[in-house]
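Next come the structures, one after another.
Okay, so chain A shows up in both of these, paired with chain B first and chain C after.
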Partner chain A sequence: MTNKLIDEIRDALDSRLVTSDELFDESVSKAYKYQDKFNCFVTILDKKKEKKGNTVLQGIPYALKDNISTKGILTTASSNILKDYIPLYDATVYKKLMEAGAVLMGKTVLDELAMGGTGTTGHTGVVRNPWNEKRMIGGSSAGSAAAVALGIVPFALGSDTGDSIRKPAAYGGVVGYKPTYGRISRYGLFAFASSLDHMGLFARSVKDVSYVMDIIKGHDDRDMTSLPDEDISYVDNLDNDVKGKKLFYIKEAVEIDNDSEELKLILDNFYKAIDECKSLGMEVVEVSFRKDLLEAIYPSYMCISCAEATSNNSNLTGIPFGYRVEGNNVNEIMMKTRTEGFSELIKRRFVLGSYVLQKENQEKLFLNACRIRRLIVDNMNELFKEYDALIMPSAGDIAPLFGNVSDKLSDEYLILGNHLAIGNFGGFPSISIPSGFVNDMPVSVNITGRAKEDYLVLNMASKLEEALGFKGQVKVDE
Partner chain B sequence: MTRDRLEILAKKLMFEMNDLEYETLEREFEIILKQMDLIDGIKDIDNVVPMTYPFDLELDDSYLRDDISNNEICFDDMKINVKDYENEKIKVPKVVG
Partner chain C sequence: MNKYIPVIGLEVHCELKSNSKNFSTAKNDEGEANTNLSVVDIGYPGILPVVNKEAVRKSLMVALALNCEIPKRLSFDRKNYYYPDLPKGYQITQFGNPIGTKGYVMINVDGVEKKITIQDTHLEEDTANMDHLSNYSLIDYNRAGVPLLETVTDPCINSSKEAIAYLEALRNIFLYLGVSDARADLGQIRVDVNVSLKREKDSELGTRVEMKNINSFTTVKEAIDVEIKRQTDILEAGGVIEQETRRYDEVNKCTHFMRGKVDAIDYKYYREPNIPEITLTDNFINSIKKVMPVLEYERKIKYTNEYGISTVDAGTLTKNKKLSDYFEDIISYGASPKDTSNIIVGFLLGYLNKNNKNISDIDITASDFSDIIKMMTDGKISNKQVKDIFTKSLDENINLLEVAKSIGTQISDKEEIRRIINEVFKENTKVIEDYKNGKNVNGFIMGLVMKKTGGKVNPGITNMVLKEELEKL
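Here is the complex of A and B:
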């Protein structure tokens, strides 16, 4: 039952075909069953009595990425430096879901401190792709994506700083949504890069995403970047007519000088999705975008995110809380704790962040990266005056084989592999939905819309999802 | 990028790296500096205001709340994450000289 859509689970609960205890047991038993093979979870929980929430999520189990604070429940960010950390407070999203009656069943594995895109760098090991265990699911929200794809839970929360929800959703054949910046409170989310960090979620349909969004969105006094409340239900707007909506895709991103058969198949799949949009009455147009800006997305993202991460994680010292290696003085304690507590990848990213923040590099690298960010966002906002959304393939590849991609930087550059960060630069709502298969692995299209128009992005995605026919997709259907 | 320079940056960040980690980092820096040339290659951006947040934040008065304690943490919760404590006070290594 946990592999069904929320409406089906709700009906089963309301008609007493199943109890929430049975659902929880099913979810936990699947989590244990798949743990050795796929490694979705850092922690699998024992049931706590759910609150009476009187919402559609009452009694339904779900999972949280392990960088979301849960009072009294181990929260590690998949890093050795927080391997024993038990938070003193609840993240706002956790509180809201608790009050809605949803039942937390586990905390999922991520790339260490959410700084990675492979799902291979968590301190408890590699997360594997449910569709092919020789392939990665991508990251950083790897465990949440895999848990939804495997039908362990109907939805799971994640965080997205560059593409950390939407890319693993694409590789895992599920829906991944990153709303407008500030739409969901980040209170209780361990910060990676605060100006790019978004909370979001995975589910198996756009409607399920909308059900959860209607509960977790909203202003929060504890997050000064959270947006004011909006008086709109996303679920209620899913069936609006999309006829006449105008979409665009970026010419320079799909014009590939590359003879990869796989890429050709991905683009064929994308053009079929465009045909479906047109059959729904939407207009889809190819537009040109400055290629030099598109090529600068990844280095700009690296400059900004690593610089912010270096600063945000400077509190992990071993002094006030968390893992500590003893030493003769405070410097020795910090040095030993951070040397042992961080993996090699994290150290490399921090050195890069520190480098771009050095006085002599600030103007040329960090501030210019922030200027390029503005140019990209301004260009997008200009296009959004004419068009309702950007539609693109979510990725330029299928889930990579382990060993073929690593977190070491590569000089190969593909705009299609990095364009999702535009959504983080501008805080635009952005959703990836399954669109089919290439070489037996799921592929996906992404829709990104105007900031603060989440309902419209979800509306268009829902209509396209119905047309594409992959709603409710799950790998292991029992 | 020299090894000495990288070691200075790592020391500032309060961690050590081994020889193998530095070798990877040196190779990575060669690539990232090449990619960062793409940033440098975009001309006439001096007058562009650096973007530090996705859009102008709609801040109301709530982010400057009155200075009233509204979220107290009880000691029993707090002590779970500390190495040592005494009489409801957390003991930390001596930080100030």
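Here is the complex of A and C:
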């Protein structure tokens, strides 16, 4: 049952074909069953009595990425430095879901501190792709993506700083949504790069995403960057006619001088999706975008995110809370704690972040990266005056094999592999939905729309999802 | 020998009063160690800051009082460094766009007015309080996140005397505005001092030396004087001043090297991403201006120019806002400002001082106070009687007007006095004879009249009537 859509689960609950306890047990037993092979979870929970929320989510189990603060429940951010950390407070999203009657069943594995895109750097081990365990699921919200793809839960929350929801969703053949910046409160989300961080979620249909969004969105007095409440239901606007909506894709991103058969198939799949859009009455146009800016996405993303990450993670010193390595004085305690608590990859990012923020480098590196971000966003907003959304392949590849990924920049897939960060630069609502298979692995298209127009992005995605025919897709084992 | 001019700049940190902290909902209060704190103050993962509007309002008051330019939009920055008293690993402060810039404060040193220019005043959060013991340290997070306003002068102060005058003027601004209790002994005001020397003819400033976290004005004065002497000695011996941070040693009255220029920390300032820019509307600024009290400097000018009170007395009255408010309250009931000032400065403050009391201990209403002053001005009671009335009222805690009634009012009616004088004449025939024999008896008779009336007669009128009556004899 947990591998079904929310409407079906709701019906089953309401007509007493299943109880929330049974759903929970099913979810947890699946979680245990797949844990050795796929490693979705840091913590699998016991059932607690759920609140009466009288919402569509009443009694339905779900999972949270393990960088979302849950009072009294271990929250590790998949890092050794927080391996025993039990928060004293609840994240706003968790509170809202609790109030709605949804039942938390587990905390999912991520790339350490949400930094990384492979799902391989969590302190409890590698997360594997449900469609092929020799392949990655991608990250950083690796466990949440895999848990939804495996049918353990109908939805799971994640966070997205560069593409950390939408990329693993694409590799895992599920829907991944990152709303407008400020639409969901970040209070309680362990900060990676605050100006780029978004809460978001995975589900198996755009409608399910919308059900959850309608509950967790909204203004939060604890998050000054959260948007004012809007008087609109996303679920109620999914069936609006999309005829006449105008989409564009970026010419420079799909124009690749490369004879990879896989990439050709991915692009073929993308063009098929475009045909579906057209048959829905939408207009799709190829648009040229400054190539130098597109190529600067990854480096400027790294500059900004590492800089903010260095500062955001300066609280992890072992002094007021968390893992501590003893030393002869406070400086030694902080130094040893951080040296032992973080993996090499994380320390590398911190060094990078500190470097670009240093007085003598800040202007040239950090502030120039911020300027590039601004230029890209300005260009996007200019295009959004004419077009309703950007449509692109979610990724330039299928889920990579383990061992095939390095942290180095790659010239080949540069633009197609990194364009999703545009959504974080501008805080644009952005969704990845399954669009078929290439070499037996799921592929996906992404729709990114105007800031604050979440309902429209979900509306268009829902229509396209229907046309593509992968709604409710789940990896059925054996 | 070269003459060196000291050039001093001051950075004053002042803790603001507020219900909650600058960026969290925890109480802004000392309390038992580690009781007033929230997850935000300790920097737990996932927390976010929310700006305290009251702290912004109070900071704007100070910025306006310092005649600063106010930005259209408010923004905050992060100052990054590692220390256990800074739980987040960064302090939220204002680096590029402070809440007030380019202001000034007027000071008066030995009768000479001087404008001290303010570089900026900016709102930030305080750190936790640390106690370093022999082999361990204690951290109290109650102070972490308390709103802290840092006011930075230009290097335009030229003596320790000026520095103290500025600090006192600034503290009075805080007190007049009611934004802080500004008690240095409780660490509510902490001062960083930087000192350099330049030759009289040089336009370039010398190399500056900084001394951090001094928490009494007396110590600031000492530290400046000691540091001026140290630098002068070095320069006169042909040495060079190094840019460094030194610590003032109160016990040995000297400064010690802490860290040099090469060890300076790069704070890697950058914009706080969790606080969007806040627009400061004209409406908001005007609503603050409306409720701002008239400050010490302006009151002093008013007292001397409008009320004809001496500069010294005006200074005394305005030094303490409570006293100045009390004074203004009294004259609002119609009492003569100058007579009121004379009684307050000439008598009341002395009385309080002698009895180890302060102005808040007085519970005489301004209206009663005014009534007594009015009687004095109208000649109904003498200056001496006023003092007696106040003394009795304060000593015995009796209502001022009741005391006045019991002591009785002054006799200034000419005919009444004439009657009393004639009675005295009748009772003392010997004196009349002495007078007729050419003896000066005026003083003696005045004494008899005073004795007879318990000192209630108006001495001037009595003297005049006495002369008339003696001539009649």
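In the analysis below, the second predicted complex is superposed on the first by the 468 of 478 C-alpha atoms of A that agree within 3 Å, B and C clash if a C-alpha of one lies under 4 Å from a C-alpha of the other, contacts with A are read in each partner's own complex, and residues count from 1 in each chain.
FYI, contacts are C-beta pairs under 8 Å (C-beta built on N, C-alpha and C of every residue); 3 or more make two chains touch, one makes a residue touch a chain.
What you see is a predicted model, and the numbers here were worked out from it, not measured in a lab.
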Quick check on the superposed pair: does A:Ala77 touch chain B, chain C, both, or neither? Answer first, second, both or neither.
second
Touching partner for A:Tyr387 - first (chain B), second (chain C), both, neither
neither
Which of chain B and chain C A:Tyr298 touches, first, second, both or neither
first
Which partner does A:Phe270 reach: the first (chain B), the second (chain C), both, or neither?
neither
Which partner chains sit in contact with A:Ala451 here, chain B, chain C, both or neither? Use first/second/both/neither.
first
Applying the document's definition of touch, where does A:Tyr85 land relative to chain B and chain C: first, second, both, or neither?
both
Partner chain in contact with A:Phe321 - chain B first, chain C second, else both or neither:
both
In the overlay, answer first, second, both or neither for which of chain B and chain C A:Gly426 touches.
first
Which chain, chain B or chain C, is in touch with more residues of chain A?
B
Touching A:Glu344 in the superposition: chain B (first), chain C (second), both, neither?
first
Touching chain B and also chain C: which chain A residues?
85, 88-89, 195, 221, 224-225, 310, 317, 319-321, 330-331, 334, 354, 358
Counting only contacts in the complex, chain C reaches chain A at residues 39, 42-51, 78, 80, 82-84, 87-90, 137, 139, 141, 266, 268, 270, 273-276
Could you please specify the touching residues of chain A with respect to chain B in the complex?
71-72, 84-86, 88-89, 181-182, 195, 219, 221, 224-225, 227-228, 292-293, 295-296, 298-300, 302-303, 310, 317, 319-322, 324, 327, 329-331, 333-335, 338-339, 342, 344, 347-348, 350-352, 354-355, 358, 364-365, 367-375, 377, 408-411, 413, 424-428, 451
Spell out the residues on chain A that touch chain C in their complex, using ranges where they run on.
67-69, 75, 77, 82, 85, 87-89, 91, 186-191, 193-195, 221-225, 307-308, 310-311, 313-317, 319-321, 330-331, 334, 354, 357-359, 362, 366
Where on chain B is chain A touching in the complex?
6, 9-10, 12-17, 21, 24-25, 27-29, 31-32, 34-36, 38-42, 45, 48-55, 57-60, 62-63, 65, 71, 73, 77-78, 80-83, 90, 92-95
